[in-house]
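Note that the chains are named A, B and C in the order they appear, and that numbering of residues resets to 1 at the start of each chain.
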Amino acid sequence: MKKTFSIGGVHPDDKKISAGCAIEVLPTPKTVYISMAQHLGGPAKAVVAAGDKVKTGQVIGEPTGFISAFVHSSVTGTVKSVGLYKDLAGIPVVHVEIETEPDEWADGIDTTDTLVTEIPQDKNFIVDRIKSNGVVGLGGATFPTNVKLCPPPDKKADILILNGAECEPYLTSDYRIMIEKSRQIVVGAALMKRVLGVNHVVIGIEENKPEAISKMKEAVASLASSSSDYSGIEVVALKKKYPQGGEKQLIDAITRRQVKSMGLPIDVGAVVQNVATSLAVYDAVQKNKPLIDNTVTVTGECFPKQSNLLVRVGTPLSYIIDYLGGVPENAAKAVSGGPMMGKAIANLDAATLKGTSSVLFLTEEQTRRKPETNCIRCGKCAEACPMGLEPFLLNKLARNGMMDELEQNAVQDCIECGCCLYSCPANIPLLDTIRIAKGEVIRIIRSRTAPKK
Amino acid sequence: MTTTIIWTIVAITVLGVLLAVVLYLVATKFKVEEDPRIDEVEKVMPGANCGGCGFAGCRAFAQSCVESANLDNNFCPVGGNEVMKKVAAVLGLEVKEKAPMVAVVRCNGTCANRPAVNDYDGLKSCKVKAALYSGDTGCFYGCLGCGDCVAACQFGAISMDPETGLPVVDEEKCTACGACVKACPKKIIELRNKGPKGRRVFVSCVNMEKGAVARKACSAACIGCGKCAKECPFGAITVEHNVAYIDFNKCKLCRKCVAVCPTGAIHDINFPTPAPKQEKTASKPAAGKPAEAGKPLPVKPAEEASQTTDKKEE
Amino acid sequence: MNKLLVSPSPHIHSKTSTHSLMLDVVIALLPSVIVSVLYYGWSAVTVLASSVVFCTLLEYLITKYLLRRPTTIGDLSAVVTGIILALNLPPAAPWWVALIGAIVAIGVAKMTFGGLGQNVFNPAITGRVFLLISFPTIMTSWGGAKGFIGGVDAVSGPTPLGIVKEGLMQGQTLDQIFAANDFSYLQMLFVNIGGSAGEISALAVLIGFIYMLARKVIRPYITLSVLVTVAVFSGIFWLVDPAQYTDPLFNLLTGGVLLGSVFMATDYVTSPMSDKGGIIFGIGIGVITMLIRYFGSYPEGMSFAILIMNATVPLINKFCKQKKFGRA
């Protein structure tokens, strides 16, 4: 029996139709728009002005506060403007617009392909490199990695989990890097292992990616034989079930420990990082290369050319799409990220971020919501909820604004995975209402606990 | 047979008397002492329990009135001055009169002015839509058209106009309770002075985008050109963050701004004749003080109104 | 290019809909329907057809003219109610009995509460119980049907449960009753002429049960809990006094226990949401059914048991929540 998380979950068709496409480097566009809000926490403060010349990998945004991150120029060129530019939701955010020229890398960056397997002894050196190269979690939340790797002193991690589940349908970017850059990922894992001081690293991969599992196992085995820095790393195959890649679900699946409500993984001694983050950590520490590009899957049944592209941060989505032949006629929706948790793209001129993992096209038939009908109390939403909540109840409470009851029924535990809405036979927009209610309840909880501290 | 009936009657009577005594004892023991004036005040309240005053309902408002030393912080927007006078009479306090207010929707984004650029397919709720993205038009600031304000209004005073896609306030029914102001995630609705004979002038746009961008998204957007501010003889208009705002305490309804606005973003309501174009208008003049009207997004609503809203947010 | 759709996540939906779920229930009911048509012939066809048509028509008329909303007959829930109601009626029931049943089921038990999902009591059972109380003679006379197979005249007598009750009331012991009647358990499992259309074949009901489980339409807990409770409860009594109380197998195979526990107790709307709640619900049904069978004046108590337990569902839902992640 393969491991998986204990409560709920759904089994959408995995549709990894772009799995066979090797990662291709996308030519650099003429203009890039680099957002200053690419991570969770305070947006970076732009430190360049119009007219400045920047090199590839040069810092253009500095963190503002503890939870924030550096932003680097992904290209060489001239800053055209620093100002508001609409993100994919159409909301104006500060971007640095750069007109590109041929690449000229900033000093100190190793741009060769040589694999560096030696793990530095100094923890602070590793953390500094991760921080100064702007590495953020690439699993979706884009939480600054250096912060996550430095838990408060009273909490100690004993296991590092690398998330290679990629449980969302369609997405294949993590799959491709696990196949093509398996060794780099393992080195990244060893680097984080050193920082955290843990002895055990588990790389969790869903069973529907046998090739990735074998490649990763091979990489772990060969590196483990070369140095003791790589001991204690294992690859674990997981049963295919969505949302396996959810942080709490993955910890549950691998360690059988359940993170408490409103708690953090570190409370149960676990730290979870995405495989793509691990790759970014490798680049940052071993190559001193900032996070300026990432793998983006462009896919969808209606999209003629499936691909996995290595894209510079700040590339306009429309440029990527045009490069692959434009928006297909019958596409009704473009999604950034997976179909379960991704964001619908309202503005195709928006630029990619560090955390952009895919552009997915869905047809009207695949994605258009059907009219809402009466709840038949079948309980399928509760059965599907990986947090053991009762979405039908939360939906009702949310629509009536019953905040106390919402809190009692643990709306704040919702991870917004979308299983409830996905499985509802009556097409009730459960998550739409629950998400809003969750935000309000968390605000209430915070305002209640904050003054006490 | 007869004895059974008699016994039954006796037993039930005795039981009834016993229970009545118990009820009486319990009622006296657990009696809650309350200021009788709360009941009196509550009687003169409208009884809508709308929460427009910032309290949980009419009774909570009444209690607050009874407990406070003056009525400066308590105002029932639904009952208005009349009700407040009655409350004051009950409590023997003074009350300051307040000008009647009305909810004003400040968005020109009709379907014609502001074409949709994408198709929203989620729950029909402004709150959900606002949390998701900028909206289905090019304007990030404008009305989302899902009718949260309509749902929030307890008086049936707001309805969606199917033609424009914008909410319409029925000023007869509007009590200026402010529920719609709180419900609107884009903060488009503002409580403004109802004005003499219901006449009022306001900028029907809150778009903070630069002129060209705003214009591109909506042909009737305020482009922040400042013509109105220059034209205004009373200094009632300020332009900040690319959008004009008319301070209704200073506005004398001369409508010069309406005439000069290049996009038609300034609306005049309930005037018998259309706004005079370019020619001199002779409305009641008055002294103009330097305007200080605030930033447009966290709109500076009527001083009175903001008090009530603030209270609720705490 | 068309305007892009924008909505909150998730952007895909499972293929399950109310319609598909109800269609699965209809398919699961088919074996029972076929068996009843084979053995009760045209009478069964009439009852089935009139019940389904009346239920659907009523729902259509009520949504269209009374509630003035888009009609909901497309979700097939009225068809399911119609079939279940028909399977609960005697084979030779006249069409107007089906009509009255449909009016009570759809009109009173379902639509007055606001339609599918809002009703407290199972519509089909409400209709059936109403008929049972209003027309006891028609609802308990099992004769008059002519089957397509199973002999020229498959005129059936009273149900085994009825025979037993009758016998016990007349002071006979179970041994005497069983000796006088030929109760074959094997026959009960496959085809037992006697009882309403849905009670003929236990096997047909079980096939439907397995189909619904396989299609993940229902979870097995409620059904199993009813069956186990009936078996345990009757087992205890039978062991104490086999002359007075019928044995567990007899109780499982006769009457409406199977049909009720598979198709009626598992109705989404009127059963608890959680598995734990479902087990409690099932135990309640089992106990009440057996109490009525052993000590009540009616020979069968399944319908009453389900209706009584339906009323407790909101309470069960309140107290039986599933375990939440990361909470003790």
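Methods note: a residue touches a chain if its C-beta (ideal position, glycine included) is under 8 Å from a C-beta of that chain, and two chains touch if they have at least 3 such contacts.
The structure presented is a predicted model; accordingly, all values stated were derived computationally and were not measured.
Student: What is the identifier of the chain with the smallest separation between its Cα mean and the overall Cα mean?
Tutor: Closest to the centre of all protein C-alpha atoms: chain A.
Student: So which has more C-beta pairs touching, A-C or A-B?
Tutor: A-C
Student: If you average the Cα atoms of chain B and of chain C to get two centres, how far apart are those centres in Å?
Tutor: It comes to 54 Å between the two C-alpha centres.
Student: CA centre of chain A versus CA centre of chain B: separation in Å?
Tutor: Centre separation, chain A to chain B: 42 Å.
Student: For chain A versus chain C, what separation do you get between their C-alpha means, in angstrom?
Tutor: 49
Student: Give me the residues of chain B that touch two or more other chains.
Tutor: Chain B, residues with two or more chain partners: 117-118, 121-123, 128, 132-133, 136.
Student: If I count partner chains per residue in chain C, which residues reach a count of at least 2?
Tutor: In chain C, the residues touching two or more other chains are 2, 4-8.
Student: Where in chain A do residues touch at least two different other chains?
Tutor: Answer for chain A, listing residues that touch two or more other chains: 333, 344, 346, 367-369, 429, 432, 435.
Student: For the complex, give me every residue of chain C touching chain B.
Tutor: Its residues touching chain B are 2-8.
Student: Of all residues in chain A, which touch chain B in the complex?
Tutor: 86, 89-92, 333, 344, 346-347, 367-369, 429, 432-433, 435-436, 439
Student: Under the definition above, what is the set of chain B residues touching chain C in their complex?
Tutor: 116-123, 128, 132-133, 136
Student: Could you list, by residue number, the parts of chain A that touch chain C in their complex?
Tutor: 6-7, 10, 12, 169, 248, 252, 258-261, 263, 327, 329, 331-335, 339-346, 348, 360, 362, 364, 366-370, 373-380, 382-383, 386-390, 392, 410, 413, 416, 418, 421-423, 425-427, 429, 431-432, 435
Student: For the complex, which residues does chain C have touching chain A?
Tutor: On the chain C side, the touching residues are 1-2, 4-14, 16-18, 20-21, 72, 75, 77, 114-118, 219, 268-269, 273-274, 321-327.
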